[in-house]
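In the two assemblies presented below, chain A is common to both, partnered first by chain B and then by chain C.
Our next item is the complex of A and B:
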């Protein structure tokens, strides 16, 4: 779906944040990007979105070279949700906010409203359609930002630290939403520091290390190697640690631990 | 200029601005202007300062053009454009070559300005780069939803609203946070206040001021 080939980028001449990085986001998967602070996770997503132009390398979308196309053009097929939703909220009502993107892409007012309402229903904000976005909670604003991206009906969604600054309930709601969108066929590129989220939701993961890809593969492959995980500056997810302490095979989620315990003991709680 | 005390820089900026009003000779103003352009390359070594001066130069040229179009004489138009450039450049040089804390300390300790006012002045300068960064991130966020700043001037004005609104909201939130965090750390208790980056005038500062006075007198007297 999206392919990045030999990408190099630096904010200054001396130090390149990304060096000859290649990877692809496949159809219908959740690809998580992890790594220490400053390793270029957000830079990669900005390069994919077209907010930055690479010094070297190519971005392909469905086999088409889109390296030179601007972010506004790519937004028809790629939705980008920023860490801080306040960067984008400007409209007087939640509905107007969600309508902006389809209007920018040439849909009529009626079509844009239909798409916006559909997106708001998807993120469970339709009941707030006429409310001012400034009155929403942080989690609701984040879901509104997702709805704004979804209203343009993109094929890929980029989520940059979507759960940061949210309480537990909002976090769960957002992760459920992400899962639902993915099950409906949306490909997702997820930047996260949270290894529990990554272990539970990512189909594959990339770990960036000093401008290069330090690991690419399934979360279970990396988390089964404690030394490698720590060498890449990551922590083991809670479920992986607990399953190791219980002497179980590697589990990525509490549900897996429970299932394996039931299988081992033969009893349900 | 990096080695000079903040107060010296303020003094030099004031003197150059006053001098620009004491002469009606474009050549003298050109020398002051030239000295400022040389200073930016040799003293601040910041690309952003050079860019700011270049923008001010363009603005001065526009001012010159407008005055000529409005019927002012060439000499008068040239003089006012150059004076504006000299004054603005001197402020840019001070700001780009001085730490904000040093500037605040100089305004309070040496210019005897109340700390609240001095802080206001420096907070404004602190807010400018913050707002620029903010506007950049807002325009990126909007570009991700198809924002393009093109079309007719009316459409452009309308589309700028979607940048301005989030910026204003975020600026208000930021200033509220800043105010609270300052209050929490004793802002306003000025009687016992000390400064982290206080700079005092030393020999080199007095020499710089003396040299500038001599240089100005020679220029004003002999050119």
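Our next item is the complex of A and C:
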């Protein structure tokens, strides 16, 4: 789907944030990017989106080199949701906000509205269509930002810390939405430092460490190695810790723990 | 902390004035056109300002003001022997009326009819008329018989007529003027009746879904009185014997320091050392003291050697620690933090909470944080407050708090998995 080859980028000459990084986002997967603050997680997503130009390296979409194409062009294929939704919301109504992207891609007003309404329905914000985005809660704003990205009907969605600033309820809703989109075929690049989300939802994960990829693989692979996880500045997901404490085989999600517990208490009975 | 409550302003500061003036004007006109039978006519002025008071429920002070205006109008239009008595009788009656209306004491229902208008207009007219004739009698030294058997019965009769008119007019008027402000009669509070004691040197976490008032509560404790909230006159908040809501900001700034959710927004200078100096300079410390404090807090927060670093080059966790260092330098008794680890990696999050615990141990600082994610704060916090539906659901130890959240399903999403599973296992066994 998307392939990054040999990418290097630095905000200044001396220090490169990203050095010779290569990875690919496969069709239909949720690829999570984790790592300490300041290791370049957001930088990578911006390079993929074309908001930053790499000093070196290439970006491919379905085998096509798009390194030189601007973000506006890429936005037909990739939807980008910023960490802070306030930084991307500007229109007067929720509907106008969601219509912006399809309009930019040359759709007529009517078509754009149709697409916007469909996207708003997807994120359960249709009832707020005529409202000012500034009156939405943080969680709703985040969903609006997602709807704006979805309205252009992209194939890939980049979510940068989508759950930051949200409460636990909003978080659950948002993750459910992300899961649904993924099941409908959307490939997702997810930046997060919430290990619980990562363990439960990521198909694969990348951990950045000083501009390089410190780990690439399945979450279970990394989290079965506590030392390595901590060396990368991460921590074990709660489910992994709790399952170890309870003497269960390694579990990545609370649901797995419950299932195994029921089985165990079942056999005891 | 006692009975903390917030009420959102509804932007109706001038509404009571508008409605009162309109009603007083209508009153004057009606009074001019009403028939006068045997010297008795309906006192429309009083009926109208009583209705206006019932529609707007102004404060006692405002009610008194309404009375003065009405008194002036009556003085100028009255044909009574001593019209100036109106300047005493009307303010007195309107004041009483506003007090009664504000407390809803006359809201009595009979066969599902609200009798407040009839009672309130009667009482107000009687007080106004009664005091009017009483003063007239005293000033003109009229015989007692005239007062008891001629003047008072007229007042009673006028009061009865007014009461009937008031009862008939109130409900249509309420429909017209209060249709959009139907919540006018029941004060709606964003937060109410929050009562808690936060011991000195304790570590407290405030939790609850977004919009339940965590930040407002923290800001209030910090002494920031927010303009978008209306009166907090029933609230009381005492920190170390100082009444926060009554004290000046000068005193408060040495009591509590707050690190906002958007901590970057409170860092204002270019480099780390300057940031700490800035707040100390503002607090009026000497150069020697500033240098000493700066060194001390940078070491404490793990930023020693960062003194000359540009703030923009710091990571999120480092910036957060810098914001904490600034508050620490001021030696405040209380440190308030609004979601201190929201955008910080797991390692950084642990460092921040370890730092807060160190600060608490070393300086005896009272620490209060607002959090969604109880995971990081769990090892350190000794007590918690849970906010939901605009009120405090429980204040207690972490264990008590989480058990309560679990049992009553109050923001149970926030309970860390480990605790949740043990709570569930507890139920199983």
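Annotations
Assume the second predicted complex is superposed on the first by the 266 of 269 C-alpha atoms of A that agree within 3 Å, B and C clash if a C-alpha of one lies under 4 Å from a C-alpha of the other, contacts with A are read in each partner's own complex, and residues count from 1 in each chain.
The working rule: a contact is a pair of C-beta atoms (placed from the backbone, for glycine too) under 8 Å apart; a residue touches a chain by one contact, two chains touch by 3 or more.
Since the model is a prediction, treat every value here as computed from it, not as a measurement.
By the touch criterion stated above, A:148 is placed in contact with chain B alone, chain C being left untouched.
Look at A:49: by the touch rule set out above, it reaches chain B but stays clear of chain C. For chain A, the partner touching the most residues, choosing from chain B and chain C, is C.
In the superposition on chain A, contact of A:76 is made with chain B only, not with chain C.
By the touch criterion defined above, A:254 lies against chain C but remains apart from chain B after alignment on the C-alpha atoms of chain A. Once chain A of one complex is fitted onto chain A of the other, the partner contacts of A:190 are absent, as it touches neither chain B nor chain C.
Judged by the touch definition given at the top, the superposed model places A:246 against chain C, while chain B stays out of reach. Once the two complexes are overlaid on the shared chain, A:37 sits against chain C while remaining clear of chain B. When both complexes are overlaid on chain A, the residue A:112 reaches neither chain B nor chain C. With both structures placed on the common chain, the touch criterion links A:167 to chain C but leaves chain B unconnected. Of all residues in chain A, only 46, 49, 51, 70-72, 75-76, 79-80, 82, 84, 86-91, 100-101, 104-105, 134, 148-149, 152 touch chain B in the complex they form.
Those residues of chain C whose C-beta lies close enough to touch chain A in the complex are 208-211, 261, 315-317, 339, 342-348, 350, 372-373, 375, 411, 413-414, 416-418, 420-421, 425, 428. Residues of chain B touching chain A in their complex: 137-138, 140-148, 161-163, 165-166, 169-170, 173.
Residues of chain A touching chain C in their complex: 35-38, 83, 137-139, 161, 164-172, 193, 195-196, 233-235, 238-239, 241-242, 245-246, 254, 257, 261, 265.
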